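My questions all concern the structure below.
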Amino acid sequence: MVTYEVLQLIVFPGALFAICLAFLYEWVDRKLFARVQGRYGPLYTGPAGIMQPVADFLKLLSKEDIVPRACDANLFFAVPVMYATLPLATLFMMPIAAPEALIAFDGDLIFILFAFGMMTLIIFLAGWSSASRFSAIGSVRSALQMLSYEIPLGLVLVCPAIAAKSLSVSGIVQWQAANATLGAALQPIGLAVTMVCLLAELELVPFDIPEAETEIVAGWRTEFTGWRLALFRLGRDLEVLLVAALVASLYLGGAQPLWLIPATAMFVVKTAAVVMVFSFVRALFARLRIDQMISGMWKYLLPIAALQVVLVQIGVGV
Amino acid sequence: MGYASTVKMPFGPQHPALKEPEHFLFELDGDTVVGVTPRIGYVHRGIEKALELSTYGHGLYLAERICGICTVAHTCCYTQAIEELMGIEVPPRAKYIRTIMSELERLHSHSLWVGLVAHEAGFDTLFMYAWRDREAILSLFQEITGGRVLHAINTLGGVRRDISPELADKIRCTMEYFEGRVKDYRRIIRTEPTFLKRTRDVGVLKPSDAAKLDAVGPTLRGSGIKEDVRRDDPYIAYDEMPFNVISSDGCDVFARTEVRVEEMMESIGIIRYALDRMPAGVFRVRAPRNAPAGECVSRVEAPRGEDMHFARSDGTAKPERYKVRAPTLANIPALCRMLVGIHVADIPIILAGIDPCFSCMDRMVVVRGGRASGTLQSKRDV
Amino acid sequence: MVVNWARSGSPWLIHFNTGGCNGCDIEFVAAVTPVYDVERFGIKLQGSPRHADILAATGPVTSQIAQSLRRVYDQMPSPKFVVALGTCAVSGAPFRNCYSIQGGIDSVIPVDVYVPGCPPRPEAMIDGIAKLLQRIRGAKK
Amino acid sequence: MSIAGEALKQLRRRPCTIRYPVEKAKVPNGFRGMPVWDMQKCILCVLCQNACPPGAIRLIGKGPDAEIEYLLDRCIFCEECAEVCPKRAIAMSHRFELAGFDRSKMAFRFRKDRQVQGQHDAPKTSDSTGKG
Amino acid sequence: MDATEAVRLMCERLGEGVLDARAPRPRRAFVRVRRESFGEAIKHAVLELGFSHLMAITAADAGEELEALYHLVCMDATVLTISVRVPKGDAVLPDMSEVLQNAAIYEREAREMMGIGFDGLRDEAHLVLPRGWPSDVHPLRKDRTYDDLAKIKLELERV
């Protein structure tokens, strides 16, 4: 039995499955983004370019590893590893193959929120450890940005929890199934705010301020090469998957089987939809400036998020 | 780190926001720029010397390579100067063809620029669309001249290739398509809130400063001053063309964008007019090898502003002195003025705002700020 | 095998103008945009030399830029390749005699593929890069 | 958001990309590609050498041994040589796929009786030249 | 103001200071002045005649002397070129950035390329051209041949 659980953790629906899905979504994102711009996107690496993220990953693994002299060697080693493992570990708390996640406990939603905060902290460390000006600016921007979206995000994410009277993602998924309803239908405002905050969390346009290529090269990642960069990219892809899974679970019913369709398939369809919305939206905007972004978040998003909380309270109370 | 009292931040020579190698040293106070030291000269190739050492015919190809974006402007300016020295009159048909080429170049250059400014603002989709549509102009170039970017069409005494009636129809047809696209850009840049947020009130250049610091081209016209060599000092066939000089009172990056987009509409009008009224006849006359002694100043409105060449001949087959002053250099003092007191994140978009093309600027510039002291003169007024 | 496949399937480029006339540069950027779209090959433009595999250099090398070019090249992690785009980058041609020009890209760093043209059409650039990729794919370990 | 309409339209359309190495590139008539020599016509008058701005053409030797050397790595494809040739022995071909690994193979020598070539195959003069 | 008018007014004001004045075609005027009258000529043109836009300064090598040509433009797009010659041994002109705000950038260029000094021009520090270029070599002087410059170039490469 233990081997079965280990297998679950490592292969399906655990690490391996998550990594494959993460790579697939990177491809979906690049492809859709390219199509919006009237291009093909990756085309020749694997059928329709589907192996592109894998090729990128393998290539980076095979590249020379450069450690800048000025940087903190220990941190420089630890940061990429943490950046890749944290979202992977958090994914175990997402219901993927069944409405019940591999690891589910009351309060895992809080842990997930904490993980998002941690990701930003790691980014900050990454920029700081590489002792380069661009990286430092990138990481400071990243931290500033986090301060502005974390609070509205936390506010709206507890709304489904209040409605379902459960602080566990699995619990919220099951509550939606039991009541034959969707979070999105009950809390459309919450969904919208979550999407905006998560765009910021993922550092996508219009909030890709910490990575603004034309301003600060590649932001906090500027100095990383080889396997470190590969792990960053993997961690990034996993983060996208995590975010998509979170939206799918809290608002779209998550991994519930529908008639004959297994839960996993529903999960994949829903997360893919979320990823596609993200990549479509990021094609439509110009990048904001950090001060504009922060003031916008505080001025508009926070009140809306608060409004959503009040609405949910009223709904639950009645 | 990075946020101490004043830090120095280098920008370039290899930097994704600059497709060309230039170096700016910014002095930052927190997130605000308090000083700028441009350090140019990375693209200095020594063209002026080379021009003086090559024959008039060979020099044409060097003039063309002062810059790959306004090649027509530079070759127009060059041929105009040398033709004046040689005392040859270009046939009217050649003048019309040069006019059409100049305006096509303005279209391609401005749409390239719309794409770039969008790119600097992180608006990649608009960048892709603008560059996709620009390809229509490049294929026209290719059909007319045989080259997409360097056209080698202007020559001493006229142009090397004619525009046939079929080609003229093709140009009209492309103009039809392009007009629609330009209207679309105009709508997008005026309504996209994130883009407006990044360009409105950014990089302000007051009209009095623009005039005093001698800004040129859309940078000047974006500050509400209507000056355009095409109208004020008409060359080739511009004295026969009806068009408006566009200006905008915004004085910011958005105003400069607007000026360029509106100019594209005017250019389309000029091309149509010129195609309809193209005089018949030869399009090239023979140019002599040598030019009698003399000197002349030749001016052209390049897409980025006034371009000036000065030529002096001594009766031989090579110019005695050839001097080029391209638009970007003229805009540098104004640029430095705009860059002081702004937010770091706005640097790329302001730089892009003047449409800096350093390859022509460095052709001559040797302004290199020294380590501590050297800044451009404009710093003095700040 | 797998490594060569990955390398040839995911070339990331960094663009460096060493003093050219912009002609090559705008054609290079045009190759990224929809009509040519080199992302088909998995090519991505990178801003940081640390992330790049291929240095796409345009223009004759001016004396002033030579050191920067060298530095960017040194910052790239190996295996790295250099593509010289345009006649200037190949040999410095129209400017090769000028006093502040050192010559083509290969006067400073080793070049793998030369793409003549003034400027080369985006197709010619793609052709050059495709030839390089083919060579990488075929490379023995 | 104002670009959304156009973006949605794009999704329904095929990309406008020319899939270049897979599809062949279309080059219009009059395109200035690599110049090619028809040595049958050439009279070794050196006008092309003098006209060439970057000095990509050189006449080497004298009399029957004379050869024309063409340096591809210097050519700027300006068409001056083709224009100046009194015998129309030079034509701008449509060849643009000129990339090579070795610069020493970018020099071509043409002789009146035979054509000595570098890395590229002998450019046939019938090879889709711009102006026949 | 048209070209002939500008030439006439310049001659009237400077009198003996003008060595040569021509208006070869509409909107182009060339006035060559004596060194002593140079400052006055520029000030007169800029402040009184309205030629307030400085297009460029061309430095030229005229054998024994160096020449500086100031290309000024007025509102009617007339280009007035005021030129002045100074001997090579004593090639110094006053800095004009008092009246022409953007003159410094062109003056520095002239100094770097041709070796004309400008009295009062700040930013004396450093040399022209590529890093390490000898400050007494002005590439645009006629006595600088290509071979000569190429030797310097080679030296630079070695560094």
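Just so it is clear, A, B, C, D and E label the chains in written order, and each chain counts residues from 1 on its own.
The rule we apply is simple: a residue touches a chain if its C-beta (ideal position, glycine included) is under 8 Å from a C-beta of that chain, and two chains touch if they have at least 3 such contacts.
Treat the numbers as computed from the prediction; the structure is a model and nothing was measured.
Compared on C-beta pairs in contact, B-E and B-D come out with B-E as the pair having more.
The chain with its CA mean position farthest from that of subunit C is E. The most distant chain from subunit A, with centres taken as the mean of CA atoms, is E. Distance between chain centres (mean CA atoms), subunit B to subunit C: 26 Å. Computed from the mean C-alpha positions, the centre of subunit A lies at a distance of 43 Å from the centre of subunit B.
One finds 51 Å separating the Cα centroids of subunit A and subunit D. Here the CA centre of subunit A is 62 Å from the CA centre of subunit E. In subunit E, the residues touching two or more other chains are 129-130, 139, 146, 149. Touching two or more other chains at once are residues 15-16, 41, 44, 46, 49, 61-62, 65, 125-126, 128-129, 132, 150, 192 of subunit B. Contact of a single residue of subunit A with at least two other chains is seen at positions 34, 36-40, 43, 213, 217, 283-285. On the side of subunit B, the complex with subunit A involves touching residues 1-3, 7, 9-10, 15-17, 31, 118-126, 128-129, 132, 192, 194-195, 197-198, 343-348.
Across the complex, subunit D is touched by residues 34-40, 43, 280, 283-285 of subunit A. Listed in rising order, the residues of subunit D touching subunit B in the complex are 1-3, 6-7, 16, 27-28, 30-32, 51, 53-54, 76-80, 83, 92, 130. Taken in their complex, subunit C has these residues touching subunit B: 14-27, 29-30, 33-35, 45, 47, 49, 59-60, 62, 64-65, 68, 72, 94-95, 97-101, 118-119, 121.
Of all residues in subunit A, only 36-39, 128, 133, 136-137, 140, 205-206, 208-209, 212-215, 217, 283-292 touch subunit B in the complex they form.
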